[in-house]
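The letters A, B, C and D name the chains in turn, as written, and every chain counts its residues from 1.
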Amino acid sequence: MSASTTEAVAQHSLQHHFATMEQQRQSTTLGMWIFLVTEIMFFGGLFTAYLVYRTAHPDVWEMGSQHMEFWLGTINTVILLTSSFFVALSVHYAQRGMTKITALLLFLTVLCGIGFLGIKAVEYHNHYKEGTVPGPWWHYNQVENPDGTTRPAPHELQLFFYLYFVMTGLHALHVTIGIVLLALIGLWAWQGKYTAEYHNPVHISGLYWHFVDLVWIFLYPLLYLIANKHA
Amino acid sequence: MSEHVLPIRVYVLTFIALMALMVLTAFLSTVPMGRELNTVVALFIAAIKATLVLLFFMHLKYENYILSTVVFVAGLFWLLIFFGLTLVDYSSRHVMGVPGH
Amino acid sequence: MLKDLSLWPSQASTLSGNVDLLYIFLIVVTGLFTLLVFALVIFFAYKYRQTPDRHATQIEGSNVLEATWTLIPFGIFMIMFVWGAAVYMHSVQPPPNAMEIYVVGKQWMWKLEHPEGVREINTLHVPIGKDVRLTMISQDVIHSFYVPAFRIKQDVLPGRYTTLWFHATKTGHFHLFCAEYCGTLHSGMIGEVVVMEQNEYQDWLAGNANTGTMASSGEKTFNELGCASCHRSDTQGRGPDLAGIFGKPVALDNGSTVTADDNYLRDSILNPGSKVVSGFKPIMPTYNGIVNEEQLLSLVSYIKSLSQPRQQGQPAPAPASVPVHTGRTQAPSAGNTKVK
Amino acid sequence: MATTAVANPVERENYLNTNYGIKSWLLTTDHKRIAILYLISITLMFFIGGFFATLIRLELLTPQGDLMTADTYNKVFSMHGIVMVFFFLIPSIPATLGNFLIPMMIGAKDLAFPRINLLSWYIYIVSACLLIYVIVNGGVDTGWTFYTPFSTTYSNTNVFLAGIAIFINGFSSILTGLNFIVTLHRMRAPGMTWSRLPLFCWSHYATSVIQVLGTPVIAITLALVAIERVWHIGIFDPKVGGDPVLFQHMFWFYSHPAVYIMILPSMAVMSEIITCFSRKRIFGYAFVALASIGIAVIGFLVWAHHMFVAGISAYAALVFSLLSYFVAVPSAIKVFNWTATMYKGNISLRTPMLYALGFIGLFTIGGMTGLFLACLGIDPHVTDTYFVVAHFHFIMVGGAVMAYLGGIHFWWPKMTGRMYSEIWGKVAAFLIFAGFNLTFLPQFILGYAGMPRRYHAYVPEYQVLNVLSTAGASILALGYLLPLIYLLSSLRNGAIAGDNPWAAQGLEWKTSSPPPTFNFEETPVVTWEAYDYEQMPKEVPVVS
């Protein structure tokens, strides 16, 4: 940390109670990681519920998963992984001080996020038409047997869909927050607020977006891939 | 600065690996291996993908202090406590202390 | 007011003595520790009170002492744990052949039913010197069945049977409380357990004319709902034959096996699409909303009776008077009900 | 005593007089001012909660339940619990004393994220206002535990809004914890190594870990309850195969560790007070520090001991009972170390020390009775009775509130620059100790005799003990009102305290009282161990 000149350049970005830029950078990064841990526990409550009911009713979970649209889920996975790639690149260019490229990559990420939400909305609409939205909108009461007869749907199917909507809904909320956040950071990057010395906001918002991606990496197999397609 | 600037190549390779793993997991979900194995395989691949994102996209491998890793691992550890001890109850309900036995 | 003062609950079950002994052990041990801490604090505060001519002696610590007051309490804790666990394991395992009583909790009353068919509200008559097992369920929120004199308590859940058992050792009237907060009249959801001599109990049972045993009213419901048209003993049945299945393992169509206990039978009636018996088509309709908890209990009781050799309730279903009780106040044997 | 306040000689610039006006407070990012804001709002919530407690004790004076209706009573005890747990106890010591002191104890200018610190106070205020709105609009009658399906389906009160209020409040707690962790890692002054850190900071670190890891779970759990109320279906609903006991798992996963959010900061205060008034270094520094961390970790493994009769499996009950005994060990270690710290000290029984000794006694009783509840043989009989009520009040009031008051008295001269009346301080400490014991000791007997908790009316044989309890509560109430009066009056009439009225050793005493905005004229360099009382005056001076 001998570069006292670069620190002088970035002096206006150093908050009064920190001694050095490095201390500030490490503090905000650590703060973000701790925040992500709270997010793990936040989703953790839902994953616990998923685990409990899935172990109790594996058949019902398979049945529910068959209502997921495999291709839409897969496309959304591609979109989110790609967006994470863009964000990683944007941080890279921010580190090198090429903030215009940073901004462009962040805007691309925002587009990905919007696309993701759009596809999610299509899926929700399909579930609505199908009657598999729990609550007053639920009218999926008969399941067809392989031989064409029907039987009453096991009522735990509503648990599956309830968890599906709460988990993906909470995730979509995080995506929305991420979109707003990255749009703002992108705008500020475009305006040249960040430099090679001071770009930590890009870095920590990036961490947030990656976390949103991480959650989806687990939601995708847990919701879309457990259908027994070979029975 | 003490920040580590990774070459773009690292990100590209990570991205390719992620895509490949995604195709793999989507494909494997159609291969009959039995309910348990299918789930375990899918979660295993998800864990690899997550690790790649954490190490390379989120720079955990390159942070110059290990604190972030400790923090994140602590989060996972607590999540496992939550899962594990809850399941202690649910998985044993039919072993002991159920009505009539 | 003073003559009613209650400092210790009466001991009226085989469990009471065990719990009290353990309780006294804990009081003595923790009391000694507490006294030790109090005595030391007071002694030090006096002995080392501030005086102008003394310096405090700086002491860094002592690993020996730390180890001592880590290991000794830990050892004592383990004694408490093991003893407590022993008392507990005994208290959660009902002896086989206990007489069975069915409990339905609802806001804000206890409905109790004897296998002989006698029903009571908020009062439970039981014989002294017999093992009694309660199979309990709630119609609405969580309640808790608590008899302090027996030292027993168990939450009564909606959607799942829980059990409790006791062996009364003293005749008399004992409090029955709801111990899990359940809404407005939670504190009014109280009653009493009346422990009687065994012959008095038999007289009491006989003196309360009733509509037949629980199993027989279960059989009635069974026939009225047309269950028998599928669940038949001949091979034509579209559903599994229920004779002898209670307590036995049942193979399901997904390859797993469950034990046909109270909870499984109840689930199968309300949620038939969930656990389908292997070899049968999943065609059974749901009876969710059609039968209430008391009917479910009598159905379970009936199916149970099919597994008990030579002791089925007989009489052909009396088609005229159908005892479908939907209301709360259908309390037979008025003499026993006591609403506070 | 200080009859003539020294006519303020030209006051040094400090955090209180650096600027004036409402705006300078509401937009401040100074951790000390935010601590004062928290202190005021928390005190208000304490007296709201205390008002409900008074109503409960008055109602229970007679067995018939004749003071208010059953519905009103149910709302009253629910609001008492919710206000006291979420809006007083959990933020109490960390948000006031912790906020004020941690940066000063480690030689920092402020917390790592001053604006987030202010944000957390605003979040607290928003949630508190929402809760007060709920109270005014008829309250909520689920108890602070929100057990389903009563809360989701059967209650006719404002469960949704109350749940949202606690949900929001959780973020205030999370942000405080996050801020403390980062501050303790990144903001320590040169030379302030982890092994020189005051135990106050160690305990707060452990507290913050719980806040960060536990609070999100209660947030999502209450959010699920709120959604279930709107949607009329949810994962805890037995009608669709949901398990109400799962709610209890998720609730207690946070709410048991939350007890340690309340008690660990109290232990933090204890270590500071006892060393200062014994003029001694702490006995077994490393063990006390590690015991804090041990409590934070093991505290997460024991939650289902609240559920032994709730319908969990017998096997799970065994596991959780065993683990519950583990968590008692570090607490015992702490008590023994504090006691040993007094050995061969030079002890002065000033007001903060009286509270500290009261804490040791009451916390010991509270902890010991916890062993009864961890014991599988006894818990089924006493759970959900007044035994439990007495036990957790010994921990939360006898422990946490005693320590809170002790801490306020100890650092009052630092925060305000003034001394309070020592005589009134001692009177209040005795009243609180006596009143507390008279209130809650009879409840142990009541509980074992079988009186269930949350009863609006009860059977007559429990009356005598209830009357005793109410008598104690009135003494306790008086005891709590006194400090409010003499502390406030000290602001005007109290003697000028000076920088270090107790000749205490921590870094916070090495700056002026009240401290300047950035705490220290220049960043201190630490070269000494914590509680190095060898170098300090051998007795506590008397300021008047």
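By definition in this document, contacts are C-beta pairs under 8 Å (C-beta built on N, C-alpha and C of every residue); 3 or more make two chains touch, one makes a residue touch a chain.
As the structure is a prediction and not an experimental result, all values here were calculated from the model.
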Comparing A-C against A-D, which pair counts more contacting C-beta pairs?
A-D
Innermost chain, taking as reference the mean of every protein Cα atom displayed:
D
Taking each chain's centre as the mean of its CA atoms, chain A sits from chain D at a distance in Å of 36
Centre to centre, by mean C-alpha position, how many angstrom separate chain A and chain C?
45
Just the number, please: Cα centre separation of chain B and chain C in whole Å.
42
How many angstrom between the C-alpha centroids of chain B and chain A?
15
Going through chain D residue by residue, note those that touch at least 2 other chains and give them in order.
185, 213, 217, 239, 241-243, 245-246, 249, 314, 317
Which positions in chain B are in touch with at least two other chains?
67, 74-75, 78, 82, 86, 90, 96-98
Could you say which residues in chain A touch two or more other chains, in rising order?
26, 30, 34, 37, 41, 44-45, 48, 52, 57-58, 154-156
Within their complex, chain B touches chain D through residues 67, 74-75, 78, 81-82, 85-86, 88-90, 92-93, 95-98
Looking at the complex, which residues from chain D come into contact with chain A?
108-114, 116, 174, 178-179, 181-182, 185-187, 212-217, 219-221, 224, 227, 231-235, 239-243, 246, 249-250, 518, 523
Which bits of chain D are touching chain B when the two form their complex?
185, 209, 213, 217, 245-246, 249, 253, 300-301, 303-304, 312-317, 319-320
Write out the stretch or stretches of chain A touching chain B in their complex.
1, 3, 6, 22, 25-26, 29-30, 33-34, 36-37, 40-41, 44-45, 47-48, 51-52, 55-56, 58, 62, 70, 74, 77-78, 81-82, 84-85, 87-89, 92, 95-96, 196-197, 206-207, 210, 213-214, 217-218, 220-222, 224-230
Quick check on the complex: what are the chain D residues that touch chain C?
65, 70-71, 74, 141, 143, 145, 147, 149-150, 153-155, 238-239, 241-245, 278-281, 283-287, 309-311, 314, 317-318, 321-322, 325, 328-329, 332-333, 335-337, 339-340, 342-349, 357, 360-361, 364-365, 368-369, 371-372, 374-381, 383-385, 445, 448-450, 452-465, 533-534, 538-540
